[in-house]
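Some structures to go through are shown next.
Two complexes are shown next, each including chain A; its partner changes from chain B in the first to chain C in the second.
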Partner chain A sequence: MTRAALLVLADGRFPAGGHAHSGGAEEAVKAGRITGVTGLEAFLRGRLHTAGVVTAALAAAAAAGADPAELDAAADARTPSPALRLTARKLGRQLMRAARATWPSAELDALAGEFPAGAHQPVVLGLTARAAGLGAADAAYCAVYESVSGPATAVVRLLGLDPFAATGVLARLAPELDRVVDRAVSCGTAAPTQGVDVLPAASAPLLEIGAEVHAGWPVRLFAS
Partner chain B sequence: MSGVHATARIGARADGRGGTALPVLESDGPLALRRTRGTGEEARVLLVGAMSGPLGGDRFAVEAEVGNGARLHVGSAAATIALPGQTKDEAHYDVRLAVADGGELRWMPEQLISAKGSDLFVTTRADLGADARLVLREEQVLGRVGEEPGRLTSRLTVRVAGRVVLDQELACGPGAPGGWDGPAVLAGYRAVGQLVVVRPEFHRAPTAARSVGEYARVMPLAGPATLVSAVAPDALRLRRALDEALTHVDIR
Partner chain C sequence: MHLDHSHHGPAAVGADARRADGSRRALRIGLGGPVGSGKTATVAALCRALRDELSLAVVTNDIYTREDAEFLLREAVLPPERITAVETGACPHTAIRDDISANLEAVEDLEDEVGPLDLILVESGGDNLTATFSKGLVDAQVFVIDVAGGDDIPRKGGPGVTTADLLVVNKTDLAPYVGSDLARMAADAKAQRAELPVVFQSLRGEAGVADVAAWVRARIAAWTA
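For the complex of A and B:
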């Protein structure tokens, strides 16, 4: 593997469309649940231990060679909000386009053929990591970091927060990101032999409910 | 080994005369089952807590199996209160539900209240045949009135014809992963609930996503099932929200 490939994949400028999404932060800001740095940190921590660990484990499992179609079904079962399932597939399709152009691979081609409307983004992410010569932990790190960095940037824009303060929150969360990656990798690498039921299913009721509320707005700054 | 270990079992079968028989109705220790007056084709069972609990170290399980053509309704006489035990051990409450093709189960227990100092893991698993029908309610209340909650971890898995249509775990209270009380997860709400409705008709005509009142959302799942997810300030408002939502999704 090449370490630089991880930087290419994890870079916020990698053209996979993630910048248009707030990970539920826009709805939480509008509802008054995030009003400043303290609320942002609590939001990110909750997101990390729910959506974050689930997507990271799915990505790690895909990178470790678990059946992508089974992982996609497991992602559906862990995403009750239809708005969030649609978002995950749109993001998966966008990542697929960028990934096939960047690291051509027969596995990516096969997944794109099987899911023309897009597979869940973390499944595509895990196969992209494989195509780039990266491992399960790399895929999990990308997923976990994305689960908090996107919403942090969004809240900076939505509330006019000090970007240094928001970056400070991410830095404070770093040791927790490491622990979440460890758990995601241990479950994800077990999935090829033990099946997808070993993957975490941590849920955040307000992220699911909020995504449905957000999808009904006529005007939004972010797509989700 | 400490704590009480108990498993109660219910088996429901079509009685051949348009009703439902209960060839299996096994109470065990603190888990007492009573058959009550049913309605038409449906048999009704009430789970009566004969002791308090579960306490730390206890392992409770309830198993219900519904055969082809049988209709079973299970309720409980009162809320279940998770309490701390004399040991530091966690408590476990496992619910295993199986509904065969052509069977119907309404699993409608009262709330689970997580009292301060308790540590409970709840696992609910429903396995349904392709044409089975289910209404399942699950309500969690974090702490008695004015009380901090204990630690509660609850996983709910629903399979239809072997395929998982819902797999959700909620962890909250002291010792749960961080952020559970924050703006992404519960944001100070003290009651959280889910209502799962599985109907073969949903294959052709899924329910529409919608909001019900201030607290509840109806979400069609990927499969012949719908989830109502709700958070509310207290148990009463949670129940009202779920009751109202049920009238929108419980087609027969």
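For the complex of A and C:
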């Protein structure tokens, strides 16, 4: 295994479609819940401890060898909003393409065959980490970091926020990211033996509702 | 790159000339260029000119979702199932160059759903002079500028003007009103592009999109040869 593979996978420029998604930030900006750095930090913290920990645990579980189809069903059950389920599958399909081209693997091929319209993105992420020779904690780190860095970048674009200030928010959240990863890894690595019910099911109702609202807009900059 | 098609499931690499079932995929032509230069109008005119002889589809990459797609739908240049809009997260050039995954999904879905297709036109959201398409997404690209954007654009160059497989200088009907010197634009384009072709067109004029349509037909002939 190589540490540098983690950087390749975690890089925001890894071409897996994430750049067109705001993680709910576009809707939160429009609704006036994010107007500056303070609002961004509160939004990201909420996202980290709900969607963030759930996706990180799913990714860790997939990387630890849990059954991908069961994880995909577990992800569905943890995502009430149909718009968010669709987004997660689209992003999963896009990540699958990039992952198979980058780290060819029989497990990825099998998942692509089983889910031609896309499996949930964190499940694909976990298998991608395996294909890259990375472990459960690496997969969880990619997932939690993505859960906050994507919306932060989107808010920089949407509000013209100072990019240094937005990056500072991410740096301040880093210790919390570590703690979320610890929790995600302990649940995720238990999943192969104890089943998917050990995975967290934290939910942010406003993110789910906001995603449905956003999907109905006739004009928007981000896909979600 | 992983080009092995013996695995099941969708192909991993979008630039492959063959689809997973072994059939030849559609030729993909990208249209890029500055805001308002006439990309959508050119796409619409191409659809009208070619739809009786070719099986066509269009992908649009709007800055604001669906504006271009809705124009094409209103104009009824193609049935709605042949027009797809991709959302670009405020960054149209990223979606056509750095991270082409959403566009690849769109072209492959079109081929699955309404194929077989001969040609897919991919319109980029209006951007700047540096925006070009990835070779992983399109087989050839057209850069559309117009005479009203300033007759110094060919001289300024940039990747679009310099390297596109076809440069279209649109809205020549407006040249007298905006004081653009077409001869100078042609000379500058020639200097930037050497042997690469340039078309001057007015979609308001009689010939319309005919020269660009002829260029597309030649690309199709080469692709299917």
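Simple rule for what comes next: the second predicted complex is superposed on the first by the 224 of 224 C-alpha atoms of A that agree within 3 Å, B and C clash if a C-alpha of one lies under 4 Å from a C-alpha of the other, contacts with A are read in each partner's own complex, and residues count from 1 in each chain.
Convention: a contact is a pair of C-beta atoms (placed from the backbone, for glycine too) under 8 Å apart; a residue touches a chain by one contact, two chains touch by 3 or more.
Computed from a predicted structure; not experimentally measured.
Superposition of the two structures on chain A leaves chain B and chain C fitting side by side, clash-free.
Of the two partner chains placed by the overlay, only chain C lies in contact with A:Ala223; chain B stays clear of it. Once chain A of one complex is fitted onto chain A of the other, the partner contacts of A:Pro80 are limited to chain B, with no touch recorded for chain C.
Touching more residues of chain A than its counterpart among chain B and chain C is B. In the superposed model, A:His49 lies in contact with chain B only, and not with chain C. Contact with neither chain B nor chain C is seen for A:Pro192 once the two complexes are overlaid on the shared chain.
Contact with neither chain B nor chain C is seen for A:Gly65 once the two complexes are overlaid on the shared chain.
When both complexes are overlaid on chain A, the residue A:Arg13 reaches chain C alone and has no touch with chain B.
Look at A:Pro116: by the touch rule set out above, it reaches chain C but stays clear of chain B. In the superposed pair of complexes, A:His21 makes contact with chain C only, with no contact to chain B.
By the touch criterion defined above, A:Arg97 reaches chain C but does not reach chain B. Put simply, the nearest alpha carbons of chain B and chain C end up 20 Å apart when the two models share chain A. Taken together, the two structures place no residue of chain A in contact with chain B in one case and with chain C in the other. Interface residues of chain A facing chain C in the complex, by the touch rule stated above, are 13, 15-22, 90, 93-94, 97-98, 100-101, 104, 106, 109-110, 112-114, 116, 154, 157-158, 218-223. Against chain A, in their complex, chain C makes its touches with residues 1-2, 4, 7-10, 12-14, 63-67, 86-91, 94-95, 98-102, 104-105. Within the complex formed with chain A, the residues of chain B that make contact are 155, 157, 163-171, 177-187, 192, 209, 211, 217, 219-223, 227, 229-231.
Across the complex, chain A meets chain B through its residues 24, 28, 33-34, 39, 42-51, 53, 73-74, 76-78, 80-83, 85, 176, 196-197, 200-209, 212-213, 216.
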